[in-house]
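Next come two complexes built around subunit A: one with subunit B, the other with subunit C.
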Partner chain A sequence: MFLSVFRWEFLSGRRFYLVFLIYFLVLFSSGTFTSESWTVEVKYPDYVSKEFLTPGSMIDVWWNASSLWWFLFPLVTAYAVFMISYEFDKGILRTYLLSNVGKRTLFSAKLLSILLGLLIPLVASLLIVYALADLMLFSSTPLEVYVNLPRRLLMYTSMLYPMIGIATLCSVAFRKPLYAFAVPLAGVYVLNMARLTGISAYIPPQCYPEFQGSIGLMPIGWFLNELSMVLPTVVTSSIAIVAAYLIFIRRDMT
Partner chain B sequence: MARIENVISAEEVCKVFGRNVVLNNISLKVQKGSVFLIMGPNGSGKSTLLKIITGLIKRTRGKIKVFGMDPWKQRQTIFTQVGAMFEDHAPPDWASGRAYLEYKATLKNAEEPKKEALAAAKLFEVDTFWAQQVSTFSSGMKRKLALADAFINDPELVILDDPTVALDKEARLTLQKIVEDRARQNKTSIIASHIITEFENHATHLAVLNVGQIIVAGKVEDIMGNMGIHQVTIKSEQPEAVANILLKKGCPIKVHDNLVTIERPEDLDRIIDMLEKLGVKAEIGETRMNLWEIYTKALTYR
Partner chain C sequence: MHGRKNAAKVLWFVGLFLVVTGVAIFTWLFQSLGGGGSSGPILVELNPGESIYRRGYSYYRDITDLTIVTALHPQMSYNFNMTKVGGTWTFNKSGAGHDTFSVKPPIRGVYEWTWLVHAGNDASGKLKGNVMETVNTWGSGESFVFIGLGFAISGLAFLLSSFLLRGVKRVP
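Entry: the complex of A and B
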């Protein structure tokens, strides 16, 4: 039953992830206009070269620094909340529940389809932007470029996950769309003010030798530090999702 | 004597939303094979009662069993035998009618979802327009889709909340025919409506709700008997004599040619006795109340 419901929710539902795909593509491709360039010393066997690079400018999103991120983020949140509200619309849920499907199955399938609806465009846009931009910038091989992808994906997911959790809770708990929009937005801003940031720092492949002990591109310590900063928001979001689930299971479908 | 099988059994069911008592001590039994009509004005609690029966809403107090099971706790199991539609049926507007029905057939554990969906669609000719997206449907088409949805798998019990709103005449007749056929097959139908005339000839049982309470409930024929005779017409060659006798008794009457009509007589047997004793020859005809009149009277004299 779960697979049937999930397939319907993900493949037959509103394909809101297309909007996210466009969003991420624009976001990642526009970094050039929002970040500073760095001077990097690249050591070659017989000489040292100073190169003006824009590390992360093409690809990285700086949670705090990017004005584009801040400009677009409320819009994306609004859209996500709207879509989640639509997915948890009582009328549609009631229509589905007049059958043998369980509430648990319906909630899980919907949530999973929403999460994948974010992850798939994220992966797609990272693959596209890396392939298009990074090679041109750093003359890297695709293998070197993509080696950091899983970690970047984890970083970005950890930034998006809080939005999903709070938006889901608000969509289930509030009847008024305004609250369902305003509360997650306020929540995410507050979390950000508390410096719960997830910065995905980028190091060009030419500089790998400079960072001893790194996995892929980013030093392990740096990576773990970033992840630990994100952890509270991930926990908060998980609590929000559990709360949304409990409300959903127990409430009347009036 | 054959044992009466109750499909639904409710005892003192109450539902409170905040401070608002929506249902108050509702007790009723729905027998297998019956056509149970639930009538009541807007806000009387019909839809809430049906949502409790279908397990969408949890009752605040009381007991309710559907096929011997608690609908709130065992909704999934109950729906192997139940089909339902509500007034505010809301299929996803991005789906096609066909995809939606096939998906619902899957959710209802149909062995062959596509075949079941088609069979249900054909009942109301939904298959003639089901390739379109639901967002393009008219309200009548949406209602037909909702009805087809309720009849997927030909369930033992069908619950229909205001099913005829926005339906064309052909579809109404089709629905009446289906309900009639189902009763013959000993399958149960519960229909909530405030438009009574459509199922007047098919209803075997009736419950009238008002302000969350049951005013009248039972077999239609029993209720008709209990609620009295609507009108008695006395045909006599001496209408003036009859009229005088009745006026002396304080009965409101109408006289037209040789017909004397009495509205809602409360002591008809005494009137007949009196006419016989006085030697007035009269032919007496009765007009019984229809469901609409019973409904109106129930709401008036509650």
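Entry: the complex of A and C
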């Protein structure tokens, strides 16, 4: 039951074209590569240090988190509104419920399709971007090229998750699709313009400088530091998603 | 008839994916592919007879200008060596005191470099100096034209063939 609902949600209609749009924008914006220098061995009279380095860690994608955030937020909101807006789907929702699909199944299928709809274009475009960063290295040792991939994925995901949270909550809370789309956008952008450390300002640009200067594998301490910076966002977004879920299953569908 | 419709759908999405990829890669041409910058001066402080050794790796794009300025004590000598990893190109420069030289690696790739700075045995007291590097490296976007157009054109072919497969709708 879940699978067929999910397949219908993910692949049907024109929603899938939004996934293509996100794919295009991520690929479009991440074509700038950075190259770096890395010292691996230092021998002073009273000091010696050595570290290990692979060629793939020398090249990374220059990625401007804030600009990606600015254009991805409207898209993610639109995607969420298309996915779970009550007004858009009124007829379909009724059909679902008449055919014994539970509200829980429906909500989780919709949420999963939003998550995958964002993560699939992301992973696909990163796989292409890193391969093209150095074709010669890619043709000789393909895996070395992808050394930075997990780190970048973590970064993208930590940015996307709050977007999903806000967008899901708004598209469930507001019945009119226009409000569901416009209210979060207006809220986020106005808060940002007013420099009130609004929702859009506080995650990605904050966690970005940590990554910006560093090329190579991330030390475990940095990684934990990164996770702790992202933690408030993750908690807030999880609360938003749970709230959306509660509203969704308690809403009267008649 | 049903299989034909499905095949048209698959062709449509594969074509769309290829076209979108091709166009996005093509737009990279218009982005700056530059990179580099200058590292702050690396301070060197040595007692007579001591030496320091540094080894590292750098990734450079197609066209690279590397300028190195040494401002060392006249009694300090240096040796700089650079080798292409997996290639035959090497560069070696040694000297003493104040010096400026530039290096142009021939091709994109990873380069290994080593620095050895040595203070003369007959020097009196601690010797000081610093080394500064300025790197300017950028790529030619040429390869993106071919890759992008390759994706886009093959994608268009898929899209067109999906139209052909879909056939003509019957008009009542």
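The rule we apply is simple: the second predicted complex is superposed on the first by the 127 of 254 C-alpha atoms of A that agree within 3 Å, B and C clash if a C-alpha of one lies under 4 Å from a C-alpha of the other, contacts with A are read in each partner's own complex, and residues count from 1 in each chain.
The working rule: a contact is a pair of C-beta atoms (placed from the backbone, for glycine too) under 8 Å apart; a residue touches a chain by one contact, two chains touch by 3 or more.
Keep in mind the model is a prediction, meaning the values are calculated, not measured.
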Partner chain(s) touched by A:Ile128 [first = subunit B, second = subunit C, both, neither]: second
First (subunit B), second (subunit C), both or neither touched by A:Ser238: neither
Which superposed partner A:Ser99 touches (first subunit B, second subunit C, both, neither): first
Subunit B versus subunit C, judged by how many residues of subunit A each one touches: C
Complex contact set, residues of subunit B against subunit A: 17, 48, 51, 54, 56-58, 75-77, 79-80, 83-86, 88-92, 94-95, 99, 103-104, 106-109, 149-150
In the complex, subunit A residues that touch subunit C: 20, 23-24, 27-28, 31-45, 53, 55, 58-59, 125, 128, 132, 134-137, 140
Contacting residues of subunit A [partner subunit B, same complex]: 1, 4-5, 8, 12-14, 89, 91-92, 94-102, 252-254
Sites on subunit C touched by subunit A in the complex: 16-17, 20-21, 23-25, 27-28, 31-33, 35-36, 39, 46-47, 50-61, 85-86, 108-110, 135, 137, 139, 143-144, 147
